[in-house]
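In what comes next, chain A is part of two complexes: it sits with chain B in the first one and with chain C in the second one.
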Partner chain A sequence: MTPASPRRAAVLGGNRIPFARQFGPYAKASNQDMFTAALEGLVARHGLAGERLGEVVGGAVIKHSRDFNLTREAVLGSSLAPQTTAYDVQQACGTGLENAILVSNKIKLGQIESGIAGGVDTSSDAPIMVSEKLRRKLLRLNRGRTTLDMAKGVLAIRPGDIGIETPANTEPRTGLSMGEHMAITAKKWGITREAQDQLAAASHQNLAAAYDRGFFDDLMTSYLGLAKDQNLRPDSSVEKLAALRPVFGKGENATMTAGNSTPLTDGASAVLLGSEEWAAEHHLPVQAWFVDGEVAAVDYVHGDEGLLMAPAYAVPRLLARNGLTLQDFDYYEIHEAFASTVLSTLKAWEDEEFCTERLGLEKPLGPIDRSRLNVNGSSLAAGHPFAATGGRIVATLAKMLHEKGPGSRGLISICAAGGQGVVAILEGA
Partner chain B sequence: MAFTYGQLVSGGVGKQLATTLGLPRPARLRRHQLGGSLVPGAVLVAGHGDAPVAERVRHLLEDAGVQVASLPSTSVVGVVLDLTAIETPADLETLRSVLGPALRTLAPTGRVIVVGRPPEGTGSVSQAAARRSLEGVVRSVGKEMRAGGTANLVLVDDGADAGVDATVRFLLSGRSAYVSGQVFHVGRPVGELVAPADWDQPLAGKVAVVTGAARGIGAAIADTLARDGATIIAVDVPAAGGPLAEVANRLSGTALQLDVTAEDAGARIVEHAQARHGGFDIVVHNAGITRDKLLANTDADRWDAVLQVNLLSILRMNEALVPAIREGGHIVHISSIAGIAGNRGQSHYAASKAGVIGMTQALAADDAVLAKGITVNAVAPGFIETEMTAAVPFATREIGRLTNSLSQGGQPVDVAETIGYFAWDANRAVTGNVVRVCGQMLLGA
Partner chain C sequence: MPSTETFREAPSLARVFVRAAVAGKKSGTTLPDTELVLAGHEVDRGRLMDYQRLCGFAVDDALPHTYPHLLGFPLQVELMGRSSFPLPLPGLVHVENTITVRRTITASDVIDVAVHAEHLRDHPRGRQVDLVTEASVEGEPVWSGRSTYLARGKGNPDAQRGAEAPSLPRGFPAAQWSLPGDLGRQYAAVSGDVNPIHLHALTARAMGFPRAIAHGMWTSARVLGALGRRASGPSTSHVWFRKPVLLPGRVDLLVDRSGPLLVAGLRSARTPEVEHLVLTLETA
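And now, the complex of A and B:
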């Protein structure tokens, strides 16, 4: 049964800046710059200048320590009323969608009337850390009170201490990169290179078609000279993708290439949510209802489950709570961290053993109608600035459901580092 | 800042040189200030015969707290001369005897407004000749004006005198700083003439759609209409989304990203305006492009792009906008000096901008438009200081700046002010007009 909800939370619109490739046009833009730009576009589209919203929830996965109040600073730099509260969340690639769940929950509870959920990430303007040894010695040096203390502190630094570390896409507990983790899962589920390349080509073709018909006209705001996702290759094809060399995995099982894995990108997104009353007062048509969300985590550390398989567990729990089957959706938005992530997840849901033993279901969730999957492209084509992906997907899906009509349904599934998965259901209005 | 002739002659040796050689020295123009006076000084109001318009203007000025002078000997900042009653060219002596002396003592940034009747509106050959003479006089006076002064002619149809107030007010004010040597036509109002409660907020409560609003003249139009009280729907292409958002946010308006050439552009504007603002009262079709090339070298794509954006898209959008705009609304098109005088390398651009004039006049006379009491007018900017003209080569740019009666380029706000005037509900007697905002440019005059 659908859980009784005091009132509904509406998705009223979204905005993002086009996603740029690492060290591309946004190389010198900070997370704060980009998130402010995403907010400004959202404010302009919805006429919110000077408005006090219930809250703005943002965040970034790769974050400078100086950005401790990133979202609040972005709000203060925006045209929103400075009385708008803000906070940061960090749940890896699930950040943006988790933020939408948080804001919609507060709206449903009547704690706030409106809010913005979003996220931002830069892989270009990344924080740099010094080596752990050097960091400790520098802190000690900084504590020194006398000249002698300081001289001792300086002398304690050895050439071998000098070194810098940049954030890496590596799991701290396994030492494996996300791609290496995914290669293990892809091999387990027997995901072929061809199937991955097909999914990647479709992502590019779908995204390009969406641009061509003006679908993103009211979902995006140009930034620093970029008006479309830089990673998009409209002429992408299975043949071209087949020519790429694998970058993850080994030997015959090496099926994952730069073409069917998402590249590092920079970007930001934001989604406007509100109560039905607030929306009406502000003359904002409701695009979709944020029905429900669920988060799951898996034990990837001990090899019990693949790193990016948590959504496979979160979705059945969400479906059960809402009395729905996997087939009850008009659109599926499954984040393409890697093409093989999407394919492994879909295959798991069709697998009797996985569904009965792992998920504890009586029978498999079954297949989905693949023509309803990522119909306007997803991360393989658009790129994936970690915390910005949730906002991109919620805004895109809400518009698709609005076009489809009241009662239409969409499912969002986003895998995240740390073996977590964030999923949600939207309903067209 | 790039070197400009205007800076050179504004002081020091340059000023001496310019004065000695009799070179033009651009004056600082008087522009509208929020809360400022209509006109900073006394206005001489005179006329020939019973001069019915002069009587109206006296009342208008007194109500606005402006001192009215009736003798040419007084030093004034403006002259309004009602020659609606002249019958033969001999009656023009009134103009010479009043205006001549007044010009000698007219204060800087002075205004000369001559009011007459259209030559077409009389059966008398002699009267038609006299009426037409006014245009020649006013255009010449415009060229004789000093220190940022302007001269304009207002032709009022028989029985349409009530509609003249808005135009007189506009021409006396700083809003018309860069408008000179123009002929305004005041006819019977298409709807009720409604003066605003506050002349500093003439567009209060109105919703205005401005296309091409992200930068340049379009952004100035949005700024100016918002300053005058309107809520702005700022429209531009998605690629200009960043600067468009800035404009919309600083004006507390809304941004609408779309390509005006899209088939459904008009419908999307209507949908946005109705859903978000409950409707709209003003449309300014400002979006436009240039793709300069000699006609001999212009291929079909280049030709089509200019005509699509500058003319065909507006025709298409108006089909959706006219039925949806509120009764008594105002539509403003942007033509160009190039559309009047033609320009080398701009055959397609001139075609589109001349087409805008034809479209403006025909739409203003359209039955559906008249039935709704909508005015349709156009502005034709001359040399306006924008990012676009800043990129023009030095010599061409300086020629553009200097070959007009005010010896300087206009500002984007000057174009915007004339558009604002077209959008006043007090100004429903002016429709089908094409007003040049060009400082009386020599081209195509």
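And now, the complex of A and C:
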């Protein structure tokens, strides 16, 4: 028996709450609060109250242990039918886009008719852990049966054991922060301070212009008094950014500042996907087709490759599978973890040695038309609540492609901690 | 013509309670013809968030079904604490509450709240009065509440009772909640209702209760919070308060959605015969 040929999966809309800076207006909001708000806004806009969807896939990178069923809890707190299934995924900053791949794949296979992919992260309402020594002693104390066990357990705790730890943006295997990793890669690729600041200024200016023309009106629900991304500085300029002191890397050649690196933020996003039939039944116009996705990982642990360079490997595999070249796109959405991430990736694709030796290609992928890159701003301006970024980008790009018209194409590239990268192709409908 | 008194800030309940506690005996058969208004109230988002969390509502920009009651309550107490009010404030028991939400109110709406008393009447166990709260946004009525209070005393056995409460749903609990001993203090911090019967076992004992009791409006808000989002949009709820919930304690939530009206109830988890409240909810 031959399997039925897969059908298409449509992006039907998206919603997010504005992203807030760490300890800003969402300081007291939990991941569940924020994801529920993003979900509910999407449900309200598309008239899905009481509807049983195929599934909702969400997740957060930084999660409290009590939030084991974060996405399911958010569904139960929304107006969706409680019979809608849900699960959590965690793939660092790639979470949101990976979720869109998962939902679209199930739609393509006919396993579900509709679904929501999203993600959320808070850098404010972070879990606090006790020191590892104290944790082990407390667990032992908890197992104690007799008063003597308890007394022994309590007495075993030393003042030095008492300490708290918060999650850090550090790679467990290298001890280097993401910024420190990126600084090494930026130096290897010779990315200048000026080029980074230019990209950062463009991100702010593009995002501000998108707000000005009302682009986000049907992609956002205001939350806790915030109606726009808090990190956005419409008056950002290369001159202003040039005044900032480097924070990552060392010495004279340090180039990475707080202005050309994404700040810690809080926020949530969600994207509605469905089959063509389901969309028609619900009178929801198709914005874009979710064509394909690919994930790559690199060995960053031994310094072989840069931590955030995996998308450089994922994209050529995705292009080859779909018979496309890097130049076949109307829009490029390359997540701005750092300005230097975007620039290193672009430079790698233009580099003969990298493309032939590392990617095994015959020739470089070549340059892209930079006027098509992150045209409505990206993470440097909007902020980057880790798992929420994928949903932000998919919804934004789908709308841009819909405006551009059928057959237009967009490429998404998102780097992630752990040396992974998630990329995808969308096509306008 | 009723007179209107406008407040820019809600009166402090602590002061009203103290004043009422030392006030002399009250009598009379007429209600003050005064309307108390809290004008141009801007929602305090921090307080809203604390309230949403404490009552189990979603933490977002929609005001919970019961939230405007919080704004009207200080005006109710102010009115009932005055010498012109015929019933004594200490000992008034909140026995029923109805709320109608006409449209979803958001945290960015600027709200006017008006409170008046009406329908003073005999009851088999004393006398009852309704405190009516109307909330509006830019002149548009968006929410109304009717809180019925009973002053226990010489009743009139022939007096008419109000609408009959449905019976508490039976069967297995939908949920079981452990209520902490400091719940009354937590709710007092958010609501401003510092009635001593809710704060501590000692102050509650002084008022004749064995332990502190949960605020009735917390219990009904918590039940509505558990019923999901349907109640923040157009809807009407009617709650009948029965026996108070002693703190700390465990309660069972029961929900019956089989009839035309959703019926929910709270009963003691340990002694199921002890019923705390019955509530109906009608949504558009």
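Just so we're on the same page, the second predicted complex is superposed on the first by the 424 of 429 C-alpha atoms of A that agree within 3 Å, B and C clash if a C-alpha of one lies under 4 Å from a C-alpha of the other, contacts with A are read in each partner's own complex, and residues count from 1 in each chain.
The rule is simple: a residue touches a chain if its C-beta (ideal position, glycine included) is under 8 Å from a C-beta of that chain, and two chains touch if they have at least 3 such contacts.
Given the structure is predicted, the values throughout are model-derived calculations rather than measurements.
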Worksheet item: With chain A superposed, do chain B and chain C clash or fit?
Response: clash
Practice prompt. Could you look at A:R52 and tell me whether it touches chain B, chain C, both or neither (first, second, both, neither)?
Written response: neither
Discussion item. Quick check for you: in the superposed arrangement, does A:E40 touch first (chain B), second (chain C), both or neither?
Written reply: both
Discussion item. Tell me the contact category for A:R158 with respect to chain B and chain C: first, second, both or neither.
Written reply: neither
Item to complete: Figure out whether A:L284 sits in contact with chain B (first) or chain C (second), or with both, or with neither.
Response: first
Item to complete: Could you tell me if A:S79 is touching chain B, chain C, both of them or neither one (first, second, both, neither)?
Response: both
Practice prompt. Return first, second, both or neither, reflecting whether A:G214 touches chain B, chain C, both chains, or no partner chain.
Written response: first
Practice prompt. Using the superposition on chain A described above, determine whether A:Y223 touches chain B (first), chain C (second), both, or neither.
Written response: both
Worksheet item: Should A:R66 be classified as contacting the first partner (chain B), the second (chain C), both, or neither?
Response: neither
Worksheet item: According to the contact criterion defined above, which of chain B and chain C contacts more residues of chain A?
Response: B
Worksheet item: Taking 134-142, 152-160, 170-178 or 260-268 from chain C, which overlaps chain B after aligning chain A?
Response: 134-142
Worksheet item: Which parts of chain A are in contact with chain B and also with chain C?
Response: 37, 40, 79, 222-224
Worksheet item: Can you name the residues of chain A that touch chain B in the complex?
Response: 37, 40-41, 43-47, 49-50, 79, 214, 216-218, 220-224, 227, 283-285
Discussion item. Looking at the complex, which residues from chain A come into contact with chain C?
Written reply: 28-30, 33, 36-37, 40, 77-79, 222-225
Practice prompt. Would you tell me which residues of chain C are touching chain A in their complex?
Written response: 45-46, 49, 58-61, 107-108, 228-230
Discussion item. Quick check: in the complex, which residue numbers of chain B touch chain A?
Written reply: 234, 238-242, 244-246, 248-259, 262, 275-278
